[in-house]
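Per-chain residue numbering starts at 1, and chain names A, B, C, D, E, F, G and H are given in the order in which the chains are listed.
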Amino acid sequence: MTGAQLKDLLQAYKNGQVDLDTVMGHLKSLKEEDLGFAKVDHHRALRNGFPEVIFGQGKTKEQVAAIASRLAAAGSTVLVTRTTREVYQEVAARLPAAEFNELARTIVVAAGEIKPTGGRVAVLSAGTADLPVAEEAAVTAAVMGNEVERIYDVGVAGIHRLLGRVELVRRADVVIVVAGMEGALASVVAGLVDRPVIAVPTSIGYGASFGGLAALLTMLNSCAAGIGVVNIDNGFGAAALATAITRLKKV
Amino acid sequence: MTGAQLKDLLQAYKNGQVDLDTVMGHLKSLKEEDLGFAKVDHHRALRNGFPEVIFGQGKTKEQVAAIASRLAAAGSTVLVTRTTREVYQEVAARLPAAEFNELARTIVVAAGEIKPTGGRVAVLSAGTADLPVAEEAAVTAAVMGNEVERIYDVGVAGIHRLLGRVELVRRADVVIVVAGMEGALASVVAGLVDRPVIAVPTSIGYGASFGGLAALLTMLNSCAAGIGVVNIDNGFGAAALATAITRLKKV
Amino acid sequence: MTGAQLKDLLQAYKNGQVDLDTVMGHLKSLKEEDLGFAKVDHHRALRNGFPEVIFGQGKTKEQVAAIASRLAAAGSTVLVTRTTREVYQEVAARLPAAEFNELARTIVVAAGEIKPTGGRVAVLSAGTADLPVAEEAAVTAAVMGNEVERIYDVGVAGIHRLLGRVELVRRADVVIVVAGMEGALASVVAGLVDRPVIAVPTSIGYGASFGGLAALLTMLNSCAAGIGVVNIDNGFGAAALATAITRLKKV
Amino acid sequence: MTGAQLKDLLQAYKNGQVDLDTVMGHLKSLKEEDLGFAKVDHHRALRNGFPEVIFGQGKTKEQVAAIASRLAAAGSTVLVTRTTREVYQEVAARLPAAEFNELARTIVVAAGEIKPTGGRVAVLSAGTADLPVAEEAAVTAAVMGNEVERIYDVGVAGIHRLLGRVELVRRADVVIVVAGMEGALASVVAGLVDRPVIAVPTSIGYGASFGGLAALLTMLNSCAAGIGVVNIDNGFGAAALATAITRLKKV
Amino acid sequence: MTGAQLKDLLQAYKNGQVDLDTVMGHLKSLKEEDLGFAKVDHHRALRNGFPEVIFGQGKTKEQVAAIASRLAAAGSTVLVTRTTREVYQEVAARLPAAEFNELARTIVVAAGEIKPTGGRVAVLSAGTADLPVAEEAAVTAAVMGNEVERIYDVGVAGIHRLLGRVELVRRADVVIVVAGMEGALASVVAGLVDRPVIAVPTSIGYGASFGGLAALLTMLNSCAAGIGVVNIDNGFGAAALATAITRLKKV
Amino acid sequence: MTGAQLKDLLQAYKNGQVDLDTVMGHLKSLKEEDLGFAKVDHHRALRNGFPEVIFGQGKTKEQVAAIASRLAAAGSTVLVTRTTREVYQEVAARLPAAEFNELARTIVVAAGEIKPTGGRVAVLSAGTADLPVAEEAAVTAAVMGNEVERIYDVGVAGIHRLLGRVELVRRADVVIVVAGMEGALASVVAGLVDRPVIAVPTSIGYGASFGGLAALLTMLNSCAAGIGVVNIDNGFGAAALATAITRLKKV
Amino acid sequence: MTGAQLKDLLQAYKNGQVDLDTVMGHLKSLKEEDLGFAKVDHHRALRNGFPEVIFGQGKTKEQVAAIASRLAAAGSTVLVTRTTREVYQEVAARLPAAEFNELARTIVVAAGEIKPTGGRVAVLSAGTADLPVAEEAAVTAAVMGNEVERIYDVGVAGIHRLLGRVELVRRADVVIVVAGMEGALASVVAGLVDRPVIAVPTSIGYGASFGGLAALLTMLNSCAAGIGVVNIDNGFGAAALATAITRLKKV
Amino acid sequence: MTGAQLKDLLQAYKNGQVDLDTVMGHLKSLKEEDLGFAKVDHHRALRNGFPEVIFGQGKTKEQVAAIASRLAAAGSTVLVTRTTREVYQEVAARLPAAEFNELARTIVVAAGEIKPTGGRVAVLSAGTADLPVAEEAAVTAAVMGNEVERIYDVGVAGIHRLLGRVELVRRADVVIVVAGMEGALASVVAGLVDRPVIAVPTSIGYGASFGGLAALLTMLNSCAAGIGVVNIDNGFGAAALATAITRLKKV
């Protein structure tokens, strides 16, 4: 039942064409989505400053290109994560504005200017092998309107590299820390800054890293307060959370 | 070497009492903490809008009371977590202003007015058994200067209870979701709001909950973006992260 | 000893050719399967409204085709699960009635009309990546005689999609919920319906999903009652259980 | 806004006291729970042939007695699980009709006749140590209106005990199998009957049983179809699922 | 149907009171246990050179004493495992012949001479903390009729102690190796003897021993052939397996 | 120092060429292996009724062929496990007597008659997917001199198939049970026979089988006594243990 | 056969009382321990600069006192770990020289001067809750002859505290790092010094620390080279390893 | 600010061109790395007797060759680990001095003589499959200046092979033990020598070895003191730790 139909019903009721019980009955039989959930949808629409995101893993290049085309046609900025150059070529054939970031494994098809959040996000990574996840976070944070500062290769085994750039870290509103192996960087960073720290364990490592489990547990058990952890290798999720945070600056 | 000593040295150098090499030598032999880490300390001092926190678990009542007295004497607001009524009585004997929250298992000794962050934190819990952790988060968030909204007993098995209060959730700047057993509440909430969601798994449950592991994994694997996870039962940590976020509103 | 031999023995006994003790001795030395387990077999035969099922994984296309041919020749409906188009082509060369469902990865060779159970099975899935398992369940449920309603892409991160279709879910006798990542959908559904819910965790996800373990634990720990869980990715098993349930309607 | 208030509004509209836009505005501003979720609640009410259940673990005897009294006063049958004789005495002081089952660790306060489902539930247990969980299932199934057949001590290490009672098992509509240690009973049973089997792993065992994990994995990996698994030691959940199934006989 | 009833039936058939089909029908409707499983029972009876065993853990002293009295009255040797002195006193009050082994935590009530298997079982333990499990194995093996050689405190960190007694080990028919912590003793022993080795991991250890898991995995992964592993702390099971082996000497 | 050198020394001592202290000094400085461990080696030599075994996994076909040729040249029977047809062809080119078992993935190069142990080993498998491991056990047991009875496809979901062949199982001296998925077969078998049962979990299964872990735990937690467990997929190890047992019949 | 007996034999041989073959036979039948393992023992004796150590956990106070008395009577320095004041009182009643360290949970009964290794061992701990393990390491290292520097409460969340004492750390020959929760301290330390680092995870923490597993994995996965890890809470083992290292300075 | 700039500043201050406050301000605003961390770097430089190490896994041959060329050009000895012949060919094309060790999977490009540590490192391995890790350790230890003794194939299942070479082991300053499967070798070795033992679990094995977890746990739980454990397959790390130890001989 649409709003128009509802109006008609009420009019008919006023005109005496239907009685009160009939109206009440109709109102009670409204399907749940007719009223309440339209409101839910409306709220979700408010979120759509976010670009539309396609999780590329497990999809064929044709699938990605088709979805991306449809979303771009609807006027959305499109972000494809966990993708490859081969997929990019398929997408670019249809959407020449598409840009590929090999390290981040992302494709971005921008739709107009990105609306800035006014927030600054620092992305730190421990080792060079963590870069793909760090870049996924950095690209996502940028396409969501944040100013991004990349501070890479500052793992705790060479603590002076981090300390030498601590001022840069402190200038950020939110700090994303990407680290595999033992994942200790998040704790050290959270002890040095008073900003929210988003920790991203990576699956980098071997043996007793158990696919990122070691880094994940390290980050969850941090003795430093102010750390939120996302799933292993989830650079995108870290950036989405960071953006939810930086948007608060304008609230 | 203090700043005063450094000044004396420079003065002596200008006066010709010591030569350039001597000054350079002194500067080079400065212990690391003399300069650089004083700055680190300074930054940490900035954080101290935070109350001083005593992790009560594993400490005797005498230990807690002694530490609390010392911190309170230094003018700090003191928060004791994971504590008991028995400890409270010991603390209150020395610090009559101490307040005990039995459910949250916290003691707060306030030092003057709490400086508001201007942020609103909603604390949601799934079941009644999750309340101690939820209250630890709520008390901590309040004592750190946030306005706190408690929205309890909104577990996903009765989804209408959550949906009926969704506007209340949306009014918050940050949402803390506390849930044990299957921990599914965080995903549902993150799908309904566009604010940062901090998920706290609890050790509530039995059998295959494995002490909170099930809820922890659920939260880390959420298909909804914008969730950061803290350690099992870490209500305090969730509130500390929430406060690091709400403080950004004034940055 | 066959039934015929048994008859001969009894006849000989009546004729006085063998005495009572000899008959008793023969009866006592009957091998277990002679009598008791024939009955077991008979009962199993009663079950055979079920189609014959070939678990395709790890079998060559020749093996599958050979087994399928033999079963079809015996008059059974044949269901092949976890199979591929390549295997299908081999089967279809021998059994032209074979039908392939690429998404479900199933082949069905129907033998006459499927006898309806009179039951309605709803198959819900959380995300598009869960579809192969959901379709395996749906195809299996259909070939076992159930009316199947597919309700896909209703994951909890967009709860309004599920809520908007809740009446459809409630019309089912049994609800199969297929979900990977955090697997929270089963709890929400079980809170909305009073029908048996069969939860199928999938191995969809990455990092801390640990091959479906996270979803599995979520489902086992559900705070909603009325949920039975099957193995990770076991769409077939869910449908078999659903059919064992819907058959009760005629008991 | 209650139904009465809604009626008043519509009346006022008909009388010309409020115009159409005002009515539409009111309808649109209905809080989600006013309409849609009342319907959700209504559906849940339909479920309430179920007794009200109090999970006794972790609650004081005073808490249990208070909740039980309130529910009983509202006319509900009350079931307390995971409770003790001490709690029972507190409850019985207020509700003399309360009945205690020491083995099942349950209290039942019946409210009138239990409405039969017409279903038969067999509860099988492997060993004597599994009895508390089996009895929790049996008591719950009975109080929910099922006819219950207890078939205990039929573990697979003495397979003849099970086989000797297989006809009894087959007479049930649903079979609940309770087993700790290696949990193999569920597979054997599911191979012997064509009814839905609900498997309940128990935490009985030591060493490599890992608190019931071994039995849980066994049941999930059963090579027999038609098994749904619930959480370790969750006798209540098994019975609730069984009841959701037996109710279908009247649908 | 008992044997007597069966005889009556056959007599009636011979007398012409019932016809052949009726007899065949009766025979086919024999419940499974009537015939086949009596035979199963008979075979199990053959096993009963084994003493009757009561697993004492989780049983009250009254329960143990009652079961022990009943079994002893039936003429069986009784072995109680995982018991305490307190239980022993209760048992001894009824069965003065009961003997308690504090270290092994066993009670034995012998019924006549134990029939020797003719086998020799060596029980080795790595450390003193493993002794309770080793003694449980030794007492069980002895009461089951084996000659038992205890060779204790021969852990691999002092390999000369084992090597100095290697001839003694080699004189055994079966070697039981009991070891906690890293559990390496089983591999070394299996490399030194050509007899079957039964490895019993114990829960002795701390930290990364994870309740015996480390020792269990060590034993399962042994690079030496000829090792069978039983559950953590399962000294009884090791001895039962050893006895099943030594009995073969007389086959 | 060899035996010859030792003799020379003693001769020289007798001849007065060296004095007693010199001899004693030489004896004390004997390297450990000179004396004691020669004896160890001697004992190991006694074991060599066993064929020489090459673990084929991870070795090139050239490596396997080279080792096999050397061992065969020394007169040993050679058994290659976990190998392929391709390796076989390489081996057969050098050793025409080599025989390949595709299902068992073994090559056997027999050296004369195999000396019988006089023991009978039954190898049971639950499902067809377990056959490679079962065959590895069967081939190994045969080449080590045992009479082998294969009893395949007797999984517990169709318990009558096992029961119908229980007499055959009981005729064995040792029973090897090979089962993946839930691994319940070992418990049922151990309840039916009074022979030692060697349980081999296999990695067959998916999802929550976790590479054979589920079956392994099931077997370790068996409520039936008399079971020893070997590593996942370790058919060879089971047969080696079985042979260590059957050899006792001649001790 | 003792050395004296051996001499007698050789004398008799020289005298012609026994012939060469007899001597050779005797030598070959020497039990393994007669010769070779005496040497092993001798080497172990060399190790005995180590004090005798009693692992106190799980032993009664009488047992500890008895063992300690016996060892002290033999002239050894005695170290009891994981003990209590109550045990100490029992020991001190017999050995007045006993000294108790409550924090370390150790008793030391010194026998003369401790022979210094000449090595310096720094013991670092992350948090105050780690102190018992750190002290166990420090006391053990001291009683084994090392100069010990305690550097406590230098966890990575306040990195300046560690950095401010880095010179002190660098003066050590070996660095023991004791840390629970996330255990990140070891990596940071190993990046700052070029000495061997021994990492001791502790069971301090809660939730996802899983009894020290998180810290253990962190330390094993360290991206810094030069770290050896011991078992969770194994302060004694760390000090024993450190001493094995510092002794090399005199080699 | 460099040292030269600092000197200029001080000169200018003495000349009166800048005043004291300005100098103090400059000093206070020194970035952390300017002074303190130069010192950190200096210390790290001291470490650089170590060769430069490239972790080859996951890098392309072009990447490895490029990095190796740059490091070699700077005068460093270069060690590439976890590499292949194909990469070696690329490196050798640019650096003809490169040497490849196929078993160790290493490339070494030596720069002048390696400065000896004066230390002797024994590398023991249990089985032939452990050789790649053992060789990685041996090559690394050699290129870091240690004298290396390889003692391979001395697994505990044939303990005499180890015992026969125990003197050789004892001549080492540090013993590296490399073992997969059950990993028991480390405990036996640590019981035989009084030198530091570095244990390297390998991922060799199958089934319940769980990728090296079994060996790792074995080594951590060793009942012998003096063992430090590194990550699974981390031969390089073991050698780096060994070198940190042997360098102490010259301290």
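Methods note: contacts are C-beta pairs under 8 Å (C-beta built on N, C-alpha and C of every residue); 3 or more make two chains touch, one makes a residue touch a chain.
Which chain is which protein? Per UniProt: A, B, C, D, E, F, G, H = Pyridinium-3,5-biscarboxylic acid mononucleotide synthase.
This structure is a prediction, so every number in the text was calculated from the model and none was measured.
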Repeat of interface A-B, chosen from G-H, B-H or E-H - more than half of residue-number contact pairs shared
G-H
Could you please state the distance in Å, as a whole number, between where the Cα atoms of chain C are centred and where those of chain G are centred?
59
Computed distance of Cα centres, chain H from chain C, in Å:
55
Euclidean distance of C-alpha centroids - chain C vs chain D, Å:
25
Taking each residue of chain D in turn, which ones touch at least two of the other chains?
32, 36-37, 40, 44, 158-159, 163, 166, 192, 207-209, 213, 216, 220-221, 231-232
So, with touch as defined above, which chain pairs make the list?
A-B, A-C, A-D, A-G, A-H, B-C, B-D, B-G, B-H, C-D, C-E, C-F, D-E, D-F, E-F, E-G, E-H, F-G, F-H, G-H
In the complex, the residues of chain H that touch chain A are 31-33, 36-37, 40-41, 44, 57-58, 201, 203, 211-213, 216, 231-234
Touching residues on chain C, where the partner in the complex is chain D
36, 40, 43, 46-47, 119, 163, 166, 170, 173-174, 192-198, 216, 220-221, 225-232, 236-237, 240-241, 244-249, 251
Touching residues on chain D, where the partner in the complex is chain A:
3, 6-7, 10-11, 13-14, 20, 23-24, 27-28, 30, 32, 35-37, 39-40
For chain H, which residues count as touching chain E in their complex?
126-127, 155-159, 163, 181-184, 187-188, 190-192, 205, 207-210, 213-215, 217-224
For the chain E and chain G complex, residues of the former touching the latter:
129, 158-160, 163-164, 166-167, 206-209
